[in-house]
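In what comes next, chain A is part of two complexes: it sits with chain B in the first one and with chain C in the second one.
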Partner chain A sequence: MINIIVGISLLLTLWLTLFSSANLLCSNMVLRKITTRHVDRWIFIAAFPVFLSVVIYYLLLFNLPANFVFGVMALLVIGTGIFGLPVFSRYIYSSFRHINSRVEYAFIAALSFFILISFFLSLIMPVYSNDLAEYVMLSRYFIDGNTQFIDGERFFENTGFYYIGLHAPGFPLLGAFGDWVFSLHNYGNAVFIKSITGVYAALLLFVSYLYFKKVWNRPIVAVMPIFLFISSYGVIISMVKFHIDTIRIFTILAVVYVILNKNRFSSLYYTILGVVCGLACFIHSLNVFFVFILVFIDFINSDLRGYNKFLKYFISALYIIGLGGIYYLLELTFGSGWVLGEL
Partner chain B sequence: MTALFFSAYYLKVEGEVGADLALRGLDNPLKLWLHGYLGQFFHFTVMGFLSWLMIPVYIYVFLNGKKVGRPVQGVLLFLALFGVLIAVKGFFNHRYIITLLPVYTVIVFHFVGNFLRRNTAVPNPYILLFGFAVFTSISVLTVSFVTHRTDSDWNAIKMKYYKWISARDHKKKIVKKSATPFATINLLNDTTIPTSVFVNELPIFYYYTNLKGIYYNPLYDFYYSAHGKVKLLEDRSDNEVVAYLTDSLNCRFVFTSESKNSFNPRFADILQSRFDTLAKDSYYLLFVVKDD
Partner chain C sequence: MGLRGIVIGRSIPWWMPGLVAMALSALWFIFYSTGPIDSVASYRGIDGTPQKWFNGHLGLFFKIDMLGAVHLFLLPVFIWESLKKKSFFKNSVHLVWGFWISFILVSALAYFNYRYWITFSLPVVAIVFKYLYENLRSKSDKVLIWAIALLLCVQGFNIFAKRIYNKLNTNSITSETGLPQKVDKPVGASILARLTFKPNLVFDFFNKNQVEGAVLLNGLPMFYTHCRQKAFMYFAERDIVYSSIGKSHLLDINTSSDALPRLSLQDLNIQYVLSSSSHNQMFKDFKKWIDENCVLLIQEGDIILYRIEHSHETRKST
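The block that comes next holds the complex of A and B.
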């Protein structure tokens, strides 16, 4: 029982510091000058862990030792997270100050309970699905310092394991970061990578609620779509069965949201678009197709003309490649040629 | 309703790989179409009938393009194109279909809400909207349960959890013996295995054991080696396959599962006829070659 309480506390602390350091970045970035909406802020807070995995990817690509990379990142993230906790706490408090209906309180309470249950299951449930085992194996190799996959080598000769996934290593790297921290406390069982499912499921519901609250300005209406959302058996399973789906869906919805709110982001739109698209690509190869189609349609629909149009979208493309697309370029040229295979 | 009845009761969806197996001639070919290519509309377990609710939205946007605005038009066009992509390239995995569900939920809710708000004949649109949300949710959930056939997910949720947190000790890189809920894995860890294990596409083997495993893909009949993909069953009789496993690959044990065996019936037959079942648990099977 004590192990479980300690484990849940560790998970809460790690996620809080992650989001807290993300909030610190958001507060100080120029983004603060163009938006004060809660939805925008939470989308960028939630995207930060993916950005972290991109940074780790590049550091490992430059052959830095894995323990050094994870250690430095953990120190930076946890350090800034703890430093930014007062700011984050004030932000959370200011968000809750506007809640004045019992329905909303009930929703927030239910969401919090869901996260706790998710953390509990992350601690005690074994790794039992094939897909999760693939990600966890890769994550474990990263933690153990075996980063050959970063250079495209998928066959691990000492064990005979072959990593068959075609996606960029965003999810396993993020999991490796968290589980590296957990391994310091002698917690195995891939606890952090499993918790990603529940956290991003809760974020999906929470951001949907914030969005509808802004649009409809009525608390009970803001929680109505949640009924629809969780009414499908497939969604329920996606939220409780440890997998990449919730973070994958969250990142691609972030892209859709940015495009739909194009006018509010004004001159920074193309940078923000490139950033969220790149991060979405770094999570799953399906998102690459998503991003390609979305950006293409946005390009066609754009009011810009001529050289200015090409320049703006070229900048977005650079961000997309730099923050996630680079993995697929390397795979196409030096690796398995992923686009020729299945998703 | 006809489609619902047909899909639910005739096809009998078994697990999440129906369309994938149908593609390889191992399952009902109708499943390939209804739960594969057209899974967004007929795989009710996954999407309920939200995709059907999107059809009036598409029609409305198509007919009122200028009123809804270009960003909305663009997103709907993207959804349509993405739906086609999923149908063509990602149909075998129902999790890819789920990607559309949150977007569909938001869009359907948005359009229904706006319709109710603008209709001045309706006295209190928000109550109607609430009723719509609840009714649709209950209906979708009912449909999902009615059409659901697989037990694997429920087994996972109901699975007895073990008071077991750190079965893997990262510092010492060992697995604590008899520490998993899987009898097959525990047997592999508790016994000294002098040979490699032939692993039927179950990466969990590598996570819970420190043994060497030959990783086999049953659908395409090859295993991974340092020299690339190598065929197993092709151009070999059953006896030759067993001899190859034991002599060339040094594998006397096979770690597999019922669902993985179904991907390659010939391989499953070889296991039944040439191997003994050493251990079995709720998910996995462990075979050992018969002593002649």
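The block that comes next holds the complex of A and C.
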């Protein structure tokens, strides 16, 4: 029982410091302009861990030692997280002060309870499902300092393991970061990577609620589509079964949200679009196709003309490639060929 | 007033999309799988042409057992809104195009897995709810909205409850060498046992003994996360093993004329096979090979460990 309590506390602390350090970045002059609404801020906070996995990817790609990379990232994130905790606490407190609806309190209480249950399950349930096992194996290799997958090699001679997935290593790298921190405390059961599902499920529901509340201006109306969404068996399974689905869906819906709010972001729109699209691509292959379709549609629909239009979307494309698409380019050119090649 | 007067230039009665949705949902029950043709397809509910279309390519709307019934409303809502002069899609027509192109993409390439349809679920639910709410703003109609939502949730939870009921009533924890047995356990213990279950006997066999030889994993990569024994990923559906040379054929079952290389069990020093009873049921040729060439060592839950008989290697070499 004590192990469970300590484990849940460690998970809470790690996720809180991640979100807290992301929130601290929101006070930056530039970012303050684009995180004016609660929805914007929480999307940025949720995207930050994915951005972290991209940074780790590049550092490993440049052959820096894995322990050094994870150690420095942990120090930076946890350090800034702890430093930013008062700011984050003030933000949470000011958000709660504006709540005047019992429905909203009940919804937040239910989400908090769901996260606790999810953390509990992350601690007690073994790695069992096929896809999760593959991600866990990759993340363990990253933790052990074996970065051959980053260099394009999929077969691991010592165990015979072969990674057959098509996706960029965003999810296992994020899991590796958290589990590296956990390994310092002897929690070796891939706890953090399992907790990603529940955390991003809660974020998906919470951010959706904030958006619907903005649209309909009534908490009880905002919570109804959430209730309809989770009333299906498949959605509940995707929120509970440890998998990549919730973070995948969150990142691609973040892209849709950014496109919907194009006018509000004004001159920063193309940068923001490129960033969220790139991060979405770094999580899952299917997002690459969705991103391509959505950006293309947005390009056709854009009011810009001529050289200016091409320049803006070229900048977006650079961000998309730099923050996630690069994995697929490397796979297509120097690796297995991704969806076009034989694995 | 006829149907034309209702449709053009006026709000659509709230019950019309619901009526259409319920009629469409009846089609799902008509075309539900009537028997296995392909085991994997049957498991996913897409065996047979009607099932493949309704549960597969159009699964976003008709795979009600996993996605609930709300998505059914999207088609009539979308059609009615498109007929109106002031549609709430008017400011985001390009996103509507993006939605349908993405739908076609998933329908063509990723229809076999309901998880990819869930990507569309939140936007679809939001659109359907927005339609219902904006068309029925009067106080009495709000009661009707909650009634509709409640009905949909009841349908969704009914399917969910049915699945939970089915799972709680089948539990197969076996003895070390026995066949699967149904064990009646109290609900509480059953849930915790199922949550924390892992085949410890199998893992201990490799972790606590000096075992020679590699293991052929029939789609069970979780073995790697619990054991250090060398193992190779294998997919019985297409007789493909993954090794240092990539994909290759191994057991000469499901013979195929593709250009993949062939390896033997000796090449990879494979002496054990780890599979599951559900996989064995799905892949009959593989099960037949197992029965002819392997000896059952351990069966724990759904997981089965076999040892390959050495006589198989002798037969193969002569």
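The rule we apply is simple: the second predicted complex is superposed on the first by the 337 of 343 C-alpha atoms of A that agree within 3 Å, B and C clash if a C-alpha of one lies under 4 Å from a C-alpha of the other, contacts with A are read in each partner's own complex, and residues count from 1 in each chain.
Note that a contact is a pair of C-beta atoms (placed from the backbone, for glycine too) under 8 Å apart; a residue touches a chain by one contact, two chains touch by 3 or more.
The shown structure was predicted, so the numbers you read here are calculated from the model rather than taken from an experiment.
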Practice problem: Please tell me, clash or fit, for chain B and chain C sharing chain A in the overlay. | Solution: clash
Exercise. Figure out whether A:F161 sits in contact with chain B (first) or chain C (second), or with both, or with neither.
Key: both
Quiz item: Counting only touches as set out at the top, which of chain B and chain C does A:W216 meet: first, second, both, neither?
Solution: both
Quiz item: Which touches a greater number of chain A residues, chain B or chain C?
Solution: B
Exercise. Considering only the touch criterion stated at the top, classify A:G170 as touching first (chain B), second (chain C), both, or neither.
Key: neither
Exercise. Examine A:V127 and indicate which partner it touches, taking first as chain B and second as chain C; both and neither are also allowed.
Key: both
Quiz item: For A:G278, is the partner it touches chain B (first), chain C (second), both, or none of the two (neither)?
Solution: neither
Quiz item: After superposition on the shared chain, which partner residues are touched by A:D144: those of chain B (first), chain C (second), both, or neither?
Solution: first
Quiz item: Once the two structures are fitted together, what part of chain A is touched by chain B and by chain C alike?
Solution: 121, 124-130, 133-134, 136-137, 140, 155, 157-162, 164, 190, 204, 208, 212, 215-216, 221, 224-225, 227-229, 231-235, 237-238, 243, 245, 248-249, 252-253, 256, 259-260, 286, 289-290, 293-294, 297-298, 300-301, 342-343
Quiz prompt | chain B residues touching chain A - in the complex, by the definition given at the top | solution = 45-48, 50, 70-75, 77-78, 81-82, 85, 89-90, 92-99, 101-103, 105-106, 108-110, 113, 126, 129-130, 133-134, 136-138, 140-141, 144-145, 148, 153, 156-157, 159, 161-171, 173, 180-182, 196, 199, 201-204, 206-208, 210-215, 217, 224-226, 283
Self-check item: Parts of chain A lying in touch with chain C, wherever the complex brings them together
Solution: 121, 124-130, 132-134, 136-137, 140, 155, 157-162, 164, 190, 204, 208, 212, 215-216, 221, 224-225, 227-229, 231-238, 243, 245, 248-249, 252-253, 256, 259-260, 286, 289-290, 293-294, 297-298, 300-301, 342-343
Exercise. Name, in rising order, each residue of chain C that touches chain A in their complex.
Key: 63, 65-68, 70, 92-95, 97-98, 101-102, 105-106, 110, 114-119, 121-123, 125-126, 128-130, 133, 145-146, 149, 152-153, 156-157, 159-160, 163, 195-198, 214, 219-226, 228, 230-233, 242-244, 246-247, 268
Practice problem: Give every residue of chain A touching chain B within the complex, in rising order. | Solution: 3-4, 7, 121, 123-130, 133-134, 136-137, 140, 143-144, 155, 157-162, 164, 183, 186-191, 204, 208, 211-212, 215-216, 218, 220-221, 224-225, 227-235, 237-238, 240-241, 243, 245, 248-249, 252-253, 256, 259-260, 262, 286, 289-290, 293-294, 297-298, 300-301, 342-343
